[in-house]
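In what follows, subunit A forms one complex with subunit B and a second complex with subunit C.
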Partner chain A sequence: MSARLADGVGTERAHHFETVAQQRYAATLGIWAWLITELLLFAALFLVALIVRIQHPEATQEAARHLKFWIGAVNTVVLIVSSLTMSMAIEFSRLGWQRAMVRAMLATAALGSLFLVLKGYEYYADYTEHMMPFLGSRPYELAASPASRLFVNLYYVATLLHGLHLLTGISLLLGMTWMASKAGFLSRHQNWIEIYGLYWHFIDLIWIMAFPILYVVNR
Partner chain B sequence: MSASGTVDSGLANREPHAPEATLDRPADYLHAESTLRSWFLTTDHKRIAILYLASITAFFIVGAVAAGVVRLALVVPNGAVMTNDTYNKAFTIHGVVMVWFFLIPSIPATFGNFLIPLMIGAKDLAFPKLNLTSWYVFMTGALFTMVSVVLGGIDTGWTFYAPLSTAFSNGWVLPALIGVTIVGFSSILTGLNFVVTIHTMRATGMTWFKLPIFVWTHYATSLIFLLATPVITTALILLIMERAFHIGVFDPAFGGDPVLFQHLFWFYSHPAVYIMVLPGMGVISEIVPAFAQKKLFGYRFVAYAAIGLASVTFFVWGHHMFINGQSDLASLAFSALSFAVAVPSAVKVYNWTATIHKGKLRLDTPMLYAMGYIGLFVLGGLTGLYLATLAINQHIHATYFVVAHFHYIMVGGTVLAFLGGLHFWWPKFTGRMYNEAWGRISALLIFLGFNVTFFPQFILGYLGMPRRYATYPPEFQLLNVLSSAGATILAAGYIFPMLYLVYSLWFGKKAPANPWDAKGLEWETASPPPTLNFTSPPVVPRVPYDYPIQEQETKAQHR
Partner chain C sequence: MRNPLATLSDDDRALLKARLRKPVLSFLALMGLLAVNVTLGATLPFEQVWTLELVVVAAMALVVLLVSMEVLHEPPLVKLFSGLGFFWVAIMVGMTLTDYLGR
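Entry: the complex of A and B
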């Protein structure tokens, strides 16, 4: 909020605000409030996954061993690096380096997309290994263990919800990158980059929690 | 055109110097533009409030008709009026529509939206576009739910308990669940907007302890919107997955647990009670001082009580599950915490009555509703203590006692506060006065009709009549007929305001800026307000509730 901005960056405001500082404060508070609700959304899901794990330790361990640990681990690194590039975009935006900012945003979107591609490959591998128990018509690998079915299904709900957030994030980011490549963007909307950066870090953070809860804890 | 300054409102204590009508006065928000586009793409918080008001009134009518069907069915004990299936669908539609599409958005999305910026001296909410988005999200959710109703309805009850909603219900559960999930996001967006607005948009000099209680209760409500709604979103997503793909999370055959759904559901839905109640408390806290012409008694404690309620309410969800096999220790803790809810509630009730005490009382329509609210809220609240008592709960759990209890809170509380607030701020919203005589008659009719409808249900529940049954033993018929008769009086009480309020839009007397001699920044601006709310920056008074009578008794004691 109190970040130093270069001249001409983040100087315009909407009509219903009195000052630019007020507008920036409102936006920062707004995104944090949103992230708290998002956190609770995922927290409830992780809570359910943990309850299932406590109630059925063997079944969840068996199921978790069938998840693709290394794809998940690589994806964790991919997202952490994308958070770095997003941070760089924010810093460039404060300095008024618009071209560098746009490049950093594109890099972030590319890393996010790489995550989705790897995730898609993982789902495909799950499919070929008969690890999609929610598909009623397809045989399930661990059919003997009903609770493992539940855990694997929760894995899909959690990762799909996270993937949906990431997909939304990439779409927003690309739309914003397109707008940000035009002159005058930083004087009007530098704030967007800051706000969006928090959202991106949040998606990253959710994955950092999901990865151990789903892939690692049971190993 | 608008010569509001020359009109005599004919009310007691009217402001003697209404503002002069001037030609260069900016057009008010209603007349600034009149195209459909200017309404459906507006970002003006006042117009969005009107959009919400029209929508939730429509849903109220749908829910009320469904309630009428339920009361009709229960006139006879043997269920001969309609099939059990129709009865189940009627009470489900009633519950789903009233809870999710009327009570939860009712006061926050309409009055809160309209009044919070006015009360804190801002030009708009912090995020006007998000505000409009929330209305579209709300309507999208409503569309899904209405599709489910039109296609044939659902029979799960408004609580959607698994496994009934996942494995055994044949109705259109999926669209209804999707609709309710979507509506949650509109609540979150509204709550987020309010929190940020109250933090960042206050006029110079409007410190936290100068805020009207209406703003405090909406702040508390918004915190619940933000912190509880996402949990039910997850619960509903899991329920949707369970029904669509049978993922097993609420199915014991796969190691799941149906009671887990109840935990997740009530973690939101108990705080949701305070989403419905707290804004009403805010409305009453504005009406009572205005019609007693006296400073709100114990202002700070009323404000703390709002935050207190919003906090304690997160720790009482288990009292909905006393007989569902949770541990005795958990039940004991939830019971004790539920008793704790009574403390901040009582603080509010005592402070309202202390405000009335030795005030210069005027029994205009809003005040009649407010006094009705206080009485009915006390009854509803005290019967809540019966239900929080573990031993008594075993006896009256899931009976009509519960139905009567929460209707005393939801209808006696929220709906009366809604109607009271609607009459109180109607001149501000529309620039017109309604017919006072009709207003008072309707307020009394509603109070009478409400008690005739719901008081017998306390007795029915105590005698053991379970809720949600289409048939009952013949000895309960008298009380059930009484209840249904009361519902017709109540219906008349609801129909009158719809008629005379709409009539007043065209034929009502023009309202002055402050017809009630009330305090608060919303009364400083014109009725209806200009698009940007204030023509000059509002001056924040030295103290909140700056009424003529200022706790004289305290001064007398110190003398």
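Entry: the complex of A and C
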């Protein structure tokens, strides 16, 4: 929550709140309560990845060598840049610079989409390399190492779940950008940008943890 | 509403610089830490390098939480909520790994 709002920028009080400050506080607390549940969901997946590594080190390393390390690294850069553009959108919203805010939000959505395109290419490369053990119709490259299936399947579950969150985030962001481009938005709903920004940074945070845990430490 | 990006005055420029200082610094810190992790992952300079990689990840997570998500500037209850999430994760990871590593 920021107190550094320009004149004419703010939040319209809903009738069930006593003050605007209380409303902003409740919204921030609410999104954090939800983000904690999301954190626990992803943390459990990352913990299973570590356990698979402890139980089957050779099979996990063999499977991890097939992951596209450099695409994962570039995708991390893409999401870190998108976090910067989201932070810029928040600051522009606080300043009341609506057009700049809308452009920063569009840049954020574009970077999120670029991440998904690169991820899609990575999945396609995995498909051509027969690294999808859950496809019964195709042979599996590491069939001689049954334990590697555990890690590869977990990789798909974790990255697809993250991708789903990102896709949802992009859809919400585009919808909010459309609303935020209308006159008067920042005088009534500026805190929407801040609350949404927390979700976007959280998606970035999850990938910042996923990349090393899945791609880097198992090399 | 103002849309001054096309014609920034000196005051606007100073305001913009002050407001974007933290986001840009956190961006540079994250890119630097990522560069460290990618270099470690690509070169594997020693056997237990994964411990250092996880320390770098923890530093990146702290930067996102404290600076990008502005937890440092939140009221105490929000700070407690954000901290609780990681505390629960620490309990889950700690107790599970104690079991697996202690067998």
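Here is the rule we go by: the second predicted complex is superposed on the first by the 216 of 219 C-alpha atoms of A that agree within 3 Å, B and C clash if a C-alpha of one lies under 4 Å from a C-alpha of the other, contacts with A are read in each partner's own complex, and residues count from 1 in each chain.
One rule holds for everything that comes next: a residue touches a chain if its C-beta (ideal position, glycine included) is under 8 Å from a C-beta of that chain, and two chains touch if they have at least 3 such contacts.
Values in this document were obtained by computation on a predicted structure and should not be read as measured data.
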**Prompt:** First (subunit B), second (subunit C), both or neither: which does A:M209 touch?
**Reply:** second
**Item:** Contacts of A:L154 with subunit B and subunit C, given as first, second, both or neither
**Value:** first
**Request:** Identify the partner contact of A:Y25: answer first if only subunit B is touched, second if only subunit C is, both if each is, neither if none is.
**Result:** both
**Prompt:** First (subunit B), second (subunit C), both or neither: which does A:L40 touch?
**Reply:** both
**Request:** Return first, second, both or neither, reflecting whether A:P146 touches subunit B, subunit C, both chains, or no partner chain.
**Result:** first
**Request:** Using the touch definition from the top, say if A:Q98 reaches subunit B (first), subunit C (second), both or neither.
**Result:** second
**Message:** Output check: A:I51 vs subunit B and subunit C. Expected answer is one of first, second, both, neither. What do you get?
**Reply:** both
**Asked** Who wins on subunit A residues touched, subunit B or subunit C?
**Response** C
**Asked** Across the two complexes, what residues of subunit A are contacted by subunit B and by subunit C?
**Response** 25, 29, 33, 36, 39-40, 43-44, 51, 55
**Request:** Under the touch definition given earlier, write down the residues of subunit A that touch subunit B in their complex.
**Result:** 15-17, 22, 25-26, 29-30, 33-34, 36-45, 48, 51-52, 55-56, 59, 134, 136, 146-147, 149-150, 153-154, 156-157, 161
**Prompt:** In their complex, what parts of subunit B are in touch with subunit A?
**Reply:** 122-124, 126-128, 130, 188, 191-193, 195-197, 199-201, 226-227, 229-231, 233-235, 237-238, 241, 245-249, 253-257, 260, 264, 267, 532
**Prompt:** Within the complex, which stretch of subunit A touches subunit C?
**Reply:** 1-2, 4, 6, 8, 25, 28-29, 32-33, 35-36, 39-40, 43-44, 47, 50-51, 54-55, 69, 73, 76-77, 80-81, 83-84, 87-88, 91, 94-100, 183, 186-187, 198, 201-202, 204-205, 208-209, 212-213, 215-217, 219
**Item:** Touching residues (chain side subunit C, partner subunit A) in the complex
**Value:** 1-5, 15-16, 19-20, 22-24, 26-27, 30-31, 34, 37-38, 40-42, 44, 50, 53-54, 56-57, 60-61, 64-65, 68-70, 73-75, 77-78, 81-82, 84-86, 88-89, 92-93, 96-97, 100-101
